Structures are given as structure tokens and as C-alpha cells.
């Protein structure tokens, strides 16, 4: 067994083993459960970090193992830059979320179930990004859906949580059908389950129709998983989850999977007509729409959720414009600062006992550390220079300008301004202004701090890793065309690029809009219809509910055919006989 | 008697013995209380049958032809027989073991075990029949043994109602089958499969025979719209019988159907197409009907409809191999269907047995025959962790979440069908995939309910479940998980079954 | 001869239909016995006298006795309203199915050539050629008896339900 | 045997099947349903005999018909046992009252 394979198996297996152990430990010993969960997630994190030293485009795994049989391919992995980097994000940020949970979940019931699913989730995400078998990818894909469902509806007594969980499950599964079709095409048309083989063989000349199906199937799957237009509605409802889970879903695991999928298959699909345009369009629409929705939301976690959707839009847009590296780099930054924001928000919510931003305000003095780290995260989100969000967003926009359509660039630019606007709104409402609640707030607990501080530091410095990051991607992704740059070159390029100034100008505009919001009253009321539409989530909730109620109605109506009357039941038999005979008569 | 015939004969011979033993050594005063020793005899006979089946299997894979003629009636074990025998015996012994405590308080246990064992024998015999009329007798025997089992709670009005509906519809269906057999005989002068195949050609009476077979056996297979008996019977029968009915009896009906259609292979090329149509209908209607159910066992019964739909999809594709370039399509789809028959037996058996545990603890042990509703499950995991876990694994597997067994078999059906390259069939595969998603709409809330923090009143008033009932649940749950990770464990079985299916329809010699 | 046949068919149809239509169950059972007897006659004419005898004794005899027993225990019930399935629909479906089946059945205009069948006595046919069927019948009877006594065995007195007239 | 008898037999089978199914569709009394099943069974028995006659091998048809008679009598016995039990515990034989299991 090669070192790489060992580390891969450890990174997947350790969290899963931990999940089993923490389940068996039983809920009578919460302290032990916390310890086990932290230990196993951290161990997986270590394994993933070590895996960074082993990155290569080689396929490792068990081609000979006979437990699967023909219809499933082989158990293979590939520890290339793309996968390992996401595995590191999943495990490291995942373990920080687990550490944060020690304080956040203190005294909760059914901790075993909670930690088991968290660990199962982390392991599945690692598997998803490291496997080289498209069917296994689908497995892990579905397991992450299952885990997110179980965790979102962790508070099963709360009907909103249950509904949110089931909604997430169903919508991601609907998209999952796209990946299933992709796997079927790969297996049947290209005759392989191995992703690397598929990437090498796929060509638009030989199999145009199946490849098109697969490309758009994967786009649907990715859109559902990454909460992109038109599947974005599940993510805000997923906010019913305990906050560390939100961090986990938004930063470390679930939503990254969609972006990963697109990035992974980009070399095969880029030739498919209209595919890149569709990807760009999905990203751009989502980014703008979610930014507007974040602007009008009053629930702190919802604001962050919409901002996630919006930022994921940026990544998807980057991929559509050919910037796989840019999208992954932004994903990197986003994971760090969004985890920070969510965990920070978690600390605030934990202390304030509410998620409504209108009830907060003026708590900056009572929770200085939380305030400081939250502001760091917010600035990174807004794309303020020197923080990691700035660099990656610039890279995304620059790639988009160079290779993507100009209309999309303009949308993304507006989105950048809106991002700054809603971020400042959020920070002001939460931390500054007048206090709305009387009760004394306490600062985050030690475990929470342990999770927050590394993330804050990360938001300040991760962009420095661009050089090695691009190097790793270039060296290990044989099918992607990636240009490598040193960090210094990269920084110089961004700083000297005139369009950076344009972006910064737009961001400043957003900031200014918030500062002078009282003077912009006229504009605000002119755009009120937009705000209303955004609060109604642009009608997508309505469509969702419509589909659900139509299905329910069909089910309910159909139940009427089950009359319970023996006469009718036998009538069905005679009727079926008539119909089958008639069909045969026509066929003959 | 040739050795391999014991795999059919033993349960049937054992049935009267079981009855006599149970009658003689009844515990208590002869009416109530305690596990009847007949259960152990039944279990023993099933294990012995398993042993004979295994022996026959080793002979079979060593290229022996297991065919015995008794007079002009031949019995032959092929891949399909072995697959069915495995599913039937595994689920049957689990159900028998489970029935011990489940029925401990009821009268007439000895009759129950005798009938259950006889039904198992009939089903194995059915899957080995090589003679059309003989097939019907096995089929009828299975039905006759199952009627009293469904109405086992003979003082429960709902059970009786379900029983009579089941009986009338089954009997009507079996008459249609008889007419079809008469037609085939009048056309070909033969009842043996090979003789009919050799003598049959395209003619209208033979087509009519096919239609009658489809509708007649279709009642037992619960193809929509012939399914109306199924939710009643499956929800009102004692839980181990629900497990058997859903897990293997309707599939045995399906085996009878494909055997008889295979015999008519030269009459029409479109039997598979008709099966595909029914498959699509079954998936959609089954899932939609289950969506708004409030009774757990009824919900599971409707989900059986949907699963029959998936199975019909694969078998329909295999039976349509005339239209495809190579036989791999049919082979993959067919063996996928048989794999699904196997996993469905495990999953649905598990679901009914686990739901039965809760039903037993919450109602039956308190002398009530109320149906178990969804809301009763609220917070069940707190007091019944293993039962709730078993039911969760079962429904998630039924919903097709990887890497549980249910997904693996569905996937194999999908791969095979997709391989055909036919746009209609590919559309049907995607339709089936969306149906799987739809089914999560009723499976997922069940799981949520069970893991609520606050147990409902019904759960709090419940009694503990006997370990003898938990044991089969655990074993089946283990099987569902293991088969998910290691599907090739049963690949030898499903492969030969898929091959036998192609043989049956005359695509391979 | 054809006239006789047609008379038998007509009589069978009338008997069967009366068995369905009769209001009192006992009358219905007797019409059924009549149907059975006519079918037995038909079977006899076709040339299967042994089956005709069994049909006469079992179908017209035993089953009628069973019906009388069951009706005695369960009691007569008469209903003033018809079943909820619309009568025209029932007629339509039945006629349609019978016409379709008839279309398929009668499409053949000539009797097929009888294949040269080996000369076999009924005894040989039943006990040597199809003895598996007979063996299975024993199992069937066992299951049936077990089921029937299982269903009927009651250790407590029968609850009294007034034989109400349902509307 | 003449062509007429053969056709007449077929018509009889069709009539029996039709009447039997009609009975199943419109009867409200459970015992009447069993009567209808019996009529259907008569059709099947006749079909068996006729089929064998057509093939000139009557004895096999007789053997099958005997088996069918036995099997359908068993079904009728169980059905009537159930009907009696239903009368005892549901207080009715009316199919329309026996529709508590639905939807």
C-alpha cells in the first residue's frame, strides 16, 4: 500500500470509525463523546495535511478487490491537488467546527447522533473529493446529502428543522439524478467508472449527445448541491441546523461539492456547446440574486446563508469562464472566512439567544473577541484588500473579464458592491448601534475561541499560499490547463491591474451606500419592489411549495382510487384485462 | 426421489409434522401463552432445507443439470430457482424466528407455522416448475396457504376484511391463469415449457393467453391497477407474514409470470414492453399513494408497489432483448432485477419486522390490534433504539441511499437498462431515479419522527420488545448494510439468475 | 344436435345468471348447483365422463352442501340498494372483456389437427403421468383444512349480531 | 366431435366467465361473491376439458380438470370459513360495509 493510499484511507476512515465509536459510546458520557469527536476529526485533519505532501496525478486503490463486481467499477482514489486541497478544507475546518461544538452543544440531548453524523459527513466529503470512481463519487455525494439532512433536522421536535432537512435532502437528490445520469453515461458510453480515464477519453467528436447529457446532468447536480439557481432555496432553510453544522455545510463540506464537481469535469465538458455559457449564467444569476436577498434579510444566519450562495455563484462563474484555479482559490478563501463568520455568528447567537439582527445591536463591548474576528471575516467577505477574500475575488473577476462574457462581468461587479453593502449592514446591525436587549451577554467559551482564532488568522494570511497552491494544482491535474504563478507575481499582477481599482471602487461605493443610506432614501424606495421580491425569494419558494402541493394533491387524489370496495377492486382486474387485450390486439 | 428435490419437498413434508408437534406439545393450557415448540421445528426444517438447497447449488455450479421428471411433469432448478430459494429461505427463517414471541399470546400457532412452512415449500416449488399446469398448482398452493395467514387474527374485523379481499382477487386472477393455460394447451398440445416453445407460433389465442397470464398473475404481483388487495393484506397480516408477502410472495408471483411469458416467447416480441409499461405505472402510483399514508405498515405496503416497478423495469428490459444489439443489456438488467428481488426481500422484510417490533411493543403486547400510525413512532428511538435503527436503515435503503443494499441493486438495473441506448428506456431510467427521490418524501419523515427527542405517549406506554424479535431485525439490518458494501457477495446467484432469464426467453441456449 | 347444444348453453347462461341475480342466498346456491350440473353435462358430451361425474358430485353436491352450511351459520342478508359500482359500467366492462376474449378465442375457424397422442387410460394419466399434481393436491387439501379450522375454531360463544338489513 | 361442439364449448366458457365476473362486480353479499368465483371456476374446468379434447388427449385434460375442481373447492371452503367469521365479527356480509380499509 502506498503512503498516499494509506493517508487517503485514514482521512476517510478515521472520521467514520470515530462516528461508530461516538455512537456506541452512548449519550450518558457526553464528555467522552466530545473528546472522541475532536480526536478523530483532528486525526483526519492531520492525515489530510500529510496528504498534501503526497499529491500526484496517479490513481491509487484496489483494482483487484472483488467485492464490488462488474456494475460498480473499482475502489480507486486519486490524491491530486484539487482533491487533497478540498480534503484538507473539509477535515481542518470540519475539526474546528467540531471543537466549536464542545461549547455550543453543551447539554444537548443525543450528542452521539450529532457527532456521529458530523464525523460521517466529514469522512464522506473527503471520500467525495478523493475518489476516482464516478459511482463512488455518487455514493459519497448521497452520503453527504443524507448527513446534511440528518444534521439540519437534528432538532427533530422542531417542525421547521424537519422541513428544512427534508427539503435539503429532496432538492439535492433531485439534482443528484443528474450525477446519476453522468455516472450511467460514463459507465455505459465511455465504458469506465474511472474519472481519470473518462477525462482522457471524453471527446465531443465521438459521443456528442451522451457527453452533452452528462455535462448538463452534472451541472444540475452541482447547482443543487451548491445551492445555485434554480435550486438555491434549500440552503437558507438549512439554517435551522445547529450553527456549527451551518459552518460545516457552508464552509467545509456540502456546498463545496458542487463546485468541485464542475471543476473536476471541466476539461471534458468545456467543449460541450453552451455548457460554459450556462455555467456562467447560473453563477452570475445566483451571485446577484443571493446578494440582493442577503441585503433584505434580517436573520443573521440567513444573511450569511445568502452570502454563501452568492459567493458560490462567484466560484461557479469562475469555472464557467475557464478559471478552475481561480474558483478553487476563492473556495479556499471563502471556506476560511465563512467558517469564521458562521462560528462567530454562532457565538453571538449562543449568547444573545436570538438570530434576529434587529434584536441584537450594541453588543460589541460585551464580546470584544467575537466582534474582532467577525469583523475580520466580514471584511474578507466584502473583498477589502489584504484579506484573503480580496485576492481571490480579484482573481475570479480578472479571469471572468479575460475569458467570460462581459455582461456576466458587469453582474459580478455589481454583486461585489452589493456584497460590501450587506456585509457592512450586517456588522453594524449586530455589533454596533443601540443595544436592544437588556440581558448580559457573555463572551464565547474557550473551545469556541480555540476554533475562532485560527480561522481569523487564516483569513489574514491564506492568500500568501497562492504560489504553492497553483504549483500543486498544475503539477497534479494532467487534464486541466492551469497556469502557475508565484505569490509575488500574483500579488503584483493583481495590484497593478487597473480593473482591481474598478472593483475596489465598486466596493467602496457599496460601503458608501451603507454610510449614506439615510440620504439614499429615494433610491431605496424606488427599489422597494426589488426588496419585496427578494424577501419573497424571487418566487422560488412559491414554485417549490407549488411543486410540493401538486405532488401531495396527486397523492391524495390517487388515494381515492383505493376505494376499499371489493366490487371496484375486481372491476380493476376486468378493466386491466380489457386494456391489455386491446393493446395486444392493436399490436398484432 | 432425487436428492435435490428435498429443497422443495422438505418444507411441504415438514408442514404436517410441525402441526402435529405443535398440537401435541402446546405450552400452557392449550390456548395461550408461550412460544409453541412448533416454531423450533419449523425453523429446523427451514435450516435443513437451506442445507439441501446449498448442496443442490454446489451441484448446479459444478454443471449438473438438476432436472427430475415425475411422470410427464418435470421439475428443474435453474438460476432463478436458486435465487428465489435463497430469498425465501433467508426471509422465511427470519420470519419464523420472529413469529415465536410475536404470536406467543395467540392461539393456533401450530397452524401458523405449518402453513408458513408449507407456503415456503410451495414457493420454492413454484420457482422450479417446468410445466405450466404444475406451475399453477404451486401458485395456487402458495395462495391457499397464505389466505389463512393473512387473516390469522381471526377476531379482528380488519384482518378478516383484508383476508377476504385478498382471497377473492387472487382467486379471480388464478381463474384467468387457468383459462390461459387451457388456451396454450389447446394451441400447442403441450404443458411442458420446452414442448410449448417448440410448438407455439404467432396466433391470436396465444396472444390472449399472454394477456390472461399478465392479468392473472399480475394480481399476485400487484401490478397497478391490480394491486388493490395488497395494501390491505400487507397491513393487516401479522408482521412476519407482511414481511413474507411483501418480500417474497409477490416476487414469486412475478417469477410465475415471467416463466409463463417466457413460454410464449415466440408469440410476441412485446411482452417486455408491456412489463415496462406496468413498471412505470407501479413506480409512480406506488410512490404517490404512499406519500400521504399515515399508517406505517400501509405505507410500506405501497412502497412495495414502487419496488415491483423497479424490478419490472429490469425484467422488462431483459425480456425486450430482441430490440438490442447485444445480450449484455438484458443480462445486466435482468440480473439487476434479481438482485433487487433479493435486496428487496431483505429490506422490506427488515422494514416490516422492525415496524412489527414497534407494533408489538406499543399495541399487540397490550392486547390491541390498532394500526401503527406514523405519529406513534414519535421519539421511538429513545426507548427502542435497535428497532428504530433497523427501521431507519430499511427505509433509507428502500429509498435508494447508497451505500445501502437498495441502491446497489437499483443501480444495477439502471446500468443494464441504460446500456440499451433506447431513448424510451433511458427516459424510464431517469423517471425511476426521480421516483426514488419522490419516495424519500415519505421515508425521510419516518426517520425524523423516530429520532425526536420527546417520546409520544404511545411510546412511553409501550412494553419492551423480546430479544428473539430484535435478533432477526439486527441480522437483516446487518445484511442490508453488508450487501451495500459488498454487492458481489451474491453476484454468483444473480448472475445465474440473469442468465436463466435470458434462457427462459430463448435468447441464449 | 346443434340445437341441443345451444339449449344447454342457454340453460347454463340462465342458471349462472340466476345464481348471481337471486336475492336469497339459498336460491342462489341452488341455481349454482344447476349450473354445475349443466356444465357436467357439457363435459360429458365433450367426452370426459369421469370429470363430469366428479363435477356433478363435488360441484353440484358437495359445494352446495357447503353453501347451505355457510348460509345457515351466517344467515341470509338481503340488500335493498345495488352495489356502488354503476350497473352500466359493470355491464360494459364485462361485455367488452368477453367480446375481446371471444375475438381472440374464435379467431381460429377450424379445429386443429389432433396430434397423435399416446393411448393412455385416465388411471395412468392421473397416477403415472401427472402424479405430482395429485401429491400437491394432498398438500393443498392439508393447507385448506388447516386454514378452515384455524379460521373457524372459536373457544368462546358466537357473538350475537342481529341480522340487520343493510341499505 | 364436430366443429359445432367446439364452438359451443367456447361460447359456454365465455358466458360463464362473463357471468362470473359480472357477479364479482355487482354482488354485495360475500357468499354471492363465492358463488361468482365458483361460476368462474366452472368456466376454467370446462376450458381445461375442451382444450384437451381439441388436442385429442382427453385424459390429461381430465386430470387437470379434477385438480382444478379440488383446488377451487378448497378456495371456496376457505372463503366460506372467512365469510362466516366475518359475519361473526363484523356483523355483516355486505361488501360495502367491509370497506374500512381504504385510501
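Order of writing sets the labels: A, B, C and D. Residues in every chain begin at 1.
Rule of thumb we're sticking to: contacts are C-beta pairs under 8 Å (C-beta built on N, C-alpha and C of every residue); 3 or more make two chains touch, one makes a residue touch a chain.
Every value quoted in this text rests on a predicted model; they were computed, and no experiment measured them.
Comparing each chain's Cα centroid with the centroid of every protein Cα atom identifies chain B as the most central.
Across the two candidate interfaces, A-B and C-D, the one carrying more C-beta contacts is C-D.
Subunit B has its Cα centroid 41 Å from the Cα centroid of subunit A. With each centre defined as the average position of its C-alpha atoms, the distance from subunit C to subunit D rounds to 4 Å.
Our note on geometry: subunit B versus subunit D, Cα centroid distance of 26 Å, whole angstroms.
One simple way to say how far apart two chains are is to compare their mean CA positions; for subunit B and subunit C this gives 30 Å. Residue positions 83-85, 90, 93-94, 97, 101, 103-105, 112, 115, 117, 129-130, 133, 137, 140, 143-144, 147-148, 151 of subunit C are each in touch with at least two other chains.
Residue numbers of subunit B whose C-beta contacts span two or more other chains: 72, 133, 137, 140, 144, 147-148, 151, 154, 164-165, 168, 172, 183, 186, 189, 204, 207-208, 211, 231-232.
Annotation for subunit A: residues touching 2 or more other chains are 559, 562-568, 570-571, 574-575, 577, 581, 585.
Taken as a graph of touching chains, this assembly is fully connected, with contact between every pair of chains. Taken together, the subunit D residues at the contact with subunit C in this complex read 1-23, 25-29, 31-32, 34-36, 38-39, 42, 45-46, 49-50, 52-67, 69-71, 73-78, 80-85, 87-89, 91-97.
Taken together, the subunit A residues at the contact with subunit C in this complex read 565, 567-568, 571, 574-575, 577-578, 581-582, 585.
Against subunit D, in their complex, subunit B makes its touches with residues 72, 133, 137, 140, 143-144, 147-148, 151, 154-158, 160-165, 167-168, 171-172, 175, 178-179, 181-183, 185-186, 189, 191, 231-232, 235-236. Those residues of subunit B whose C-beta lies close enough to touch subunit A in the complex are 164-165, 168-169, 172-173, 176, 202, 204, 207-208, 210-212, 214-215, 218-219, 223, 225-226, 228-229, 231-232, 268, 270, 274, 285, 288-292, 332, 336, 396, 401-403, 407-408, 411-412, 414-416, 418-419, 421, 429-430, 433-434, 436-438, 440-441, 444-445, 447-449, 451-454, 485-489, 491. Here subunit A touches subunit B in the complex through residues 66-72, 109-110, 113, 135, 138-139, 142-143, 146, 149-150, 153, 155-157, 162, 165-166, 169-170, 173-174, 176-177, 180-181, 184-185, 187-188, 551-552, 554-556, 558-559, 561-564, 566, 568-570, 572-573, 575-577, 580-581, 583-585, 587-588, going by the rule given at the top.
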